[in-house]
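Chain naming follows the written order as A, B, C and D, and within any one chain the residues start at number 1.
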């Protein structure tokens, strides 16, 4: 029973939502937005489970004095501190007259967001510049026809999307040839490849969804396949 | 406070970059702060935006309550039964519901947007002309390329047919198109990655150190 | 003196002419524009109700004639005699307007279904008092439909695909051997698990940034269940760091039941599947840290990936892991192709669970997928041939053919 | 002074690449950390030079411009901010340029975000646009000339719900003003009351979701500003006519600034961008020269599909 009920719920939910696409009438026409509301609310509940899991795993490290436990402690401290700041700011804002949001400029939470969260996020993201460099040096070799095509397309798009190659040929030919070439590659061969992948994905998604709705695929409820 | 903030941000920035040299305690500390703060950040944002603003104000204290919202709250509470090992199995119900609804929803949406509309745009006049009726050769070549690329690309994705003979050749041409697509995406992406780094360097050099304007 | 008088007279004359001119232009301005004609009002098609569509022929002074129309005011009343109130504004040049509301009776401008309404369209000029009204259209009622007729082609395509899938699943069940071509990335998964066991190092399974409402993530669950089962059999360590708490919960269920299927329930450790944070880059930072500290023998990336793809894959290279990736996020496939040893591209990700399981039921659904692909190819080619070579014979039919694929609602 | 030194340094650093080439050919490729140093220099040095290079305007950017320039004063433009600070170097200049243009031409701007940090980015863009003397002179009012509806979670479902009613997703704006009390939102029920949608997006949810639901289901007219990563993914939608125009990445931003005549950050960052590209291309070339001359001995992973 513990496996059958979830599988039944999956199938019924899947069927209802698939059919609702074709029915504009209430409540089917609204089913997507209702489901959307529900998912966001479940997510808001689930994030607490996540936070507790994070604390639990970190606490295990700390209590057993595993390697790097001080860093686990740092995780717990910064998590709790952020929660405290957020809730104090949030409720203060709701009770203030006029009300303000915990995200408004001037709140401690906004300070934390801008100087800690944003700084860290942007920096981590920007590290990709370095990884792109090392990947280009290491892996971009014209080893066979396929790799060569990848390389050539990459080369022209990279050089054409900024006025780099065009500046180089400007003394001889005053025409943005490479910029046009990059556009051409993006508009035609790139579109062709993307379209083939997109159509394939659509069929893959349909097939996967169907397997789930039909109950053939049931690993998501801990059922494996039948 | 602002100046203090800029210093904190600058030091954290350098802490992350130290990973490029190798994994080290400074990076580990920065990473720990990042994980903790971000998990807390989202918990706070979700609480106020979803539970408070959307559910509490929208369905409980509102003069015109949206009763459908209670469905979400029920699913959410069922989900939290995971916290109690004895009744934890109930949490599979909301999970099963979300997975099923997603499957049903996307089955059709993906088919319409990705398969039907993309096929429809592939069915087009091969000879491209401008408004005056003159033939645009580069665009005509382009539409031919799209046609060949889509057909051979799809052939590559056949699972139940061996890649041999004409079929194999088509599949091979398909991989060429995929490779060009990947190269183009890669080249295009490089630009974005560099932009991010430029943004960061701009912060360090102008906001923090004031080397440049 | 005479000259001065003449000049004065001349100026006066000019002045009066200019006055007269301003006057005429002003008077033409106040002349009401010719009204909107052929106004029709009907219930909007294929919707959830609470919506009425108006069509009309624009005023003859809209863009032509006196060019005095600047907008159309949409007026509505509950009886033919009025009073009419404004419910919307359409810019000059418009020939249609949709008067719709939400389904919430408390919302502003709510339009109840099955209630009589009368509409009138006023052509308005710069001078808001100068308008001309059209004839009144109505009564008209809005209602919701039970089937969106614009979606017939989609509906039949879905039905046919479902039938095909069920059919091939049955064929497969009967024991017919269905051929599937080898996929290198899939075969590598088994080898990679073996390698990890030999080296005594763990396997890192990353599901990316998808949520439980992404099909790619759901496909990743099914692959995880195969991988976890094999891992349990080989008694290797598995690390699954998660980005989304709901995904974490599902992944825990999946791994747990895989261990049970492999008859090793005691080896399952719930903390192998854990949550890190729901922030993309903090997640990457932590996963990269895990890679350099735990040195997994194999990194498997399956699901939705964004900018983190290359950061993880390049760090994985440093830790010397074998890397297998699969995603339907087209922008990220190139990075996996460049930095990983094996990459499953788009549709291959969704096929992977069928490949790994090797169950006939799942292979049957792959066959249905191929037939759908063939059908799309054939229909597209027929369409292209018709459009390019059939011009002049039956154009309307060809357009209809193209429309078959175009879905708007 | 600093600019001259930076230029000299760039030349010197560029010359040392010859040594890297020599080592790579000899089969002793440099460590990745050395590559990292070059990447760092390729951005830091040009930033110090402070020059903005000339730039041709590409078709996709012109299409965006052509579509917004026909909007009449008073048109309601929905601006969806679906990105966070890391993508700001590319998208923020577009957003700022657009805001300045919109405010100068009396377009009414409705801001919303599917990413929590999106509306904050929008706020910054609005504040920056307000600094422009011509915009400041108009003395624009929040709630009348523009409004920030804030963030709503739920990804594509938010767009879906907005198709029936905006208020459902945004009962209050970012300042907690009830929807019905916002003058600008009077008579705005759903997408049928919106003249144009401008989406700034760096991922999911973003342009793809807006096209799938906003355009395909509710028929909005839309252009998008995308990060360079996302742009290739949305190109097919441009081809298919589902999108009216695309601004792609930093150069798209710089071109947009130029076509709107609103020079900003993107134009000055572009030089650093060009040098960084040149460096990456240089490393690809070095790798390949070494691969062909050096007897293909270095073992590297193969890009492959099979």
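Just so we're on the same page, a contact is a pair of C-beta atoms (placed from the backbone, for glycine too) under 8 Å apart; a residue touches a chain by one contact, two chains touch by 3 or more.
As the structure is a computational prediction, the values presented were derived from the model and not from experiment.
Without subunit D, the contact network of the other chains remains one piece.
Between the chains A-B lie more C-beta contact pairs than between any other two chains.
If you average the CA atoms of subunit A and of subunit D, the two centres end up 17 Å from each other.
Centre-to-centre separation of subunit A and subunit B, using mean CA positions: 4 Å.
Within subunit D, contacts with two or more other chains are made by residues 32, 36, 39, 43, 86-88, 153, 155, 164, 168, 216, 228-229, 231-233, 236, 239, 248-251, 273, 276-277, 280, 301, 303-305.
Multi-chain contact residues of subunit B, defined as those touching 2 or more other chains: 16, 19-20, 28, 30-31, 34-35, 37-39, 41-42, 45-46, 49-50, 54, 66, 79, 82, 92, 95, 98-99, 101, 103, 105-113, 115, 117-122, 147, 150, 154, 156-157, 175, 178-179, 181-186, 188-191, 193-194, 196-197, 199. Of all residues in subunit A, those touching 2 or more other chains are 18, 21-22, 29-30, 32, 35, 37, 39-40, 42-44, 46-47, 49-51, 54, 68, 101, 113, 117-118, 120-122, 124-132, 134, 136, 138-140, 146-147, 150-151, 154-155, 158-159, 161-162, 186-187, 190-191, 194-195, 197-201, 203, 205-206, 208-210, 212, 220-222, listed in ascending order. Chain contacts in this assembly form a complete graph, since each chain touches every other chain. The touching residues of subunit B, counted against subunit D in their complex, run 20-21, 45-46, 49-50, 53-54, 57-58, 66, 109, 112-113, 117-118, 120-121, 156, 175, 178-179, 181-182, 184-185, 188-199, 201-202, 205, 211-213. For subunit C in complex with subunit A, the residues that touch the partner chain are 46-49, 103, 144-148, 151, 154-155, 158, 161-162, 165-166, 169, 211, 213, 215, 218-219, 221-222, 224-225, 229, 242, 244-246, 248-250, 253-254, 256-258, 261, 271, 274-282, 284-285, 293, 307, 310-311, 314-315, 317, 328, 330, 333-335, 337-339, 345-351, 353, 357, 359, 361-362, 365-366, 368-369, 372-373, 376. Remark: subunit C residues 104, 106, 153-154, 157-158, 178-181, 183, 212-215, 218, 246, 249-250, 253, 276-279, 281-282, 285-286, 288-289, 292-293, 330-331, 333-335, 337-338, 345-348, 351, 366-367, 369-370, 373-374, 376-377, 379-381, 383-384, 387-388, 401-402, 405-407 touch subunit B in the complex. Listed in rising order, the residues of subunit A touching subunit D in the complex are 29-30, 32-33, 35-37, 39-40, 43-44, 98-101, 103, 105, 113, 118, 121-122, 124-126, 129-130, 132-134, 136-144, 146-147, 150-151, 154-155, 158-159, 161-164, 166-167, 176, 179, 183, 186-187, 190-191, 194-195, 198. Of all residues in subunit B, only 16, 19, 23, 27-28, 30-31, 34-35, 37-39, 41-42, 64, 66, 79, 82, 91-92, 95, 98-99, 101-103, 105-108, 110-112, 115-117, 119-120, 122-127, 147, 150-151, 154-155, 157-163, 178, 181-183, 185-186, 189 touch subunit C in the complex they form.
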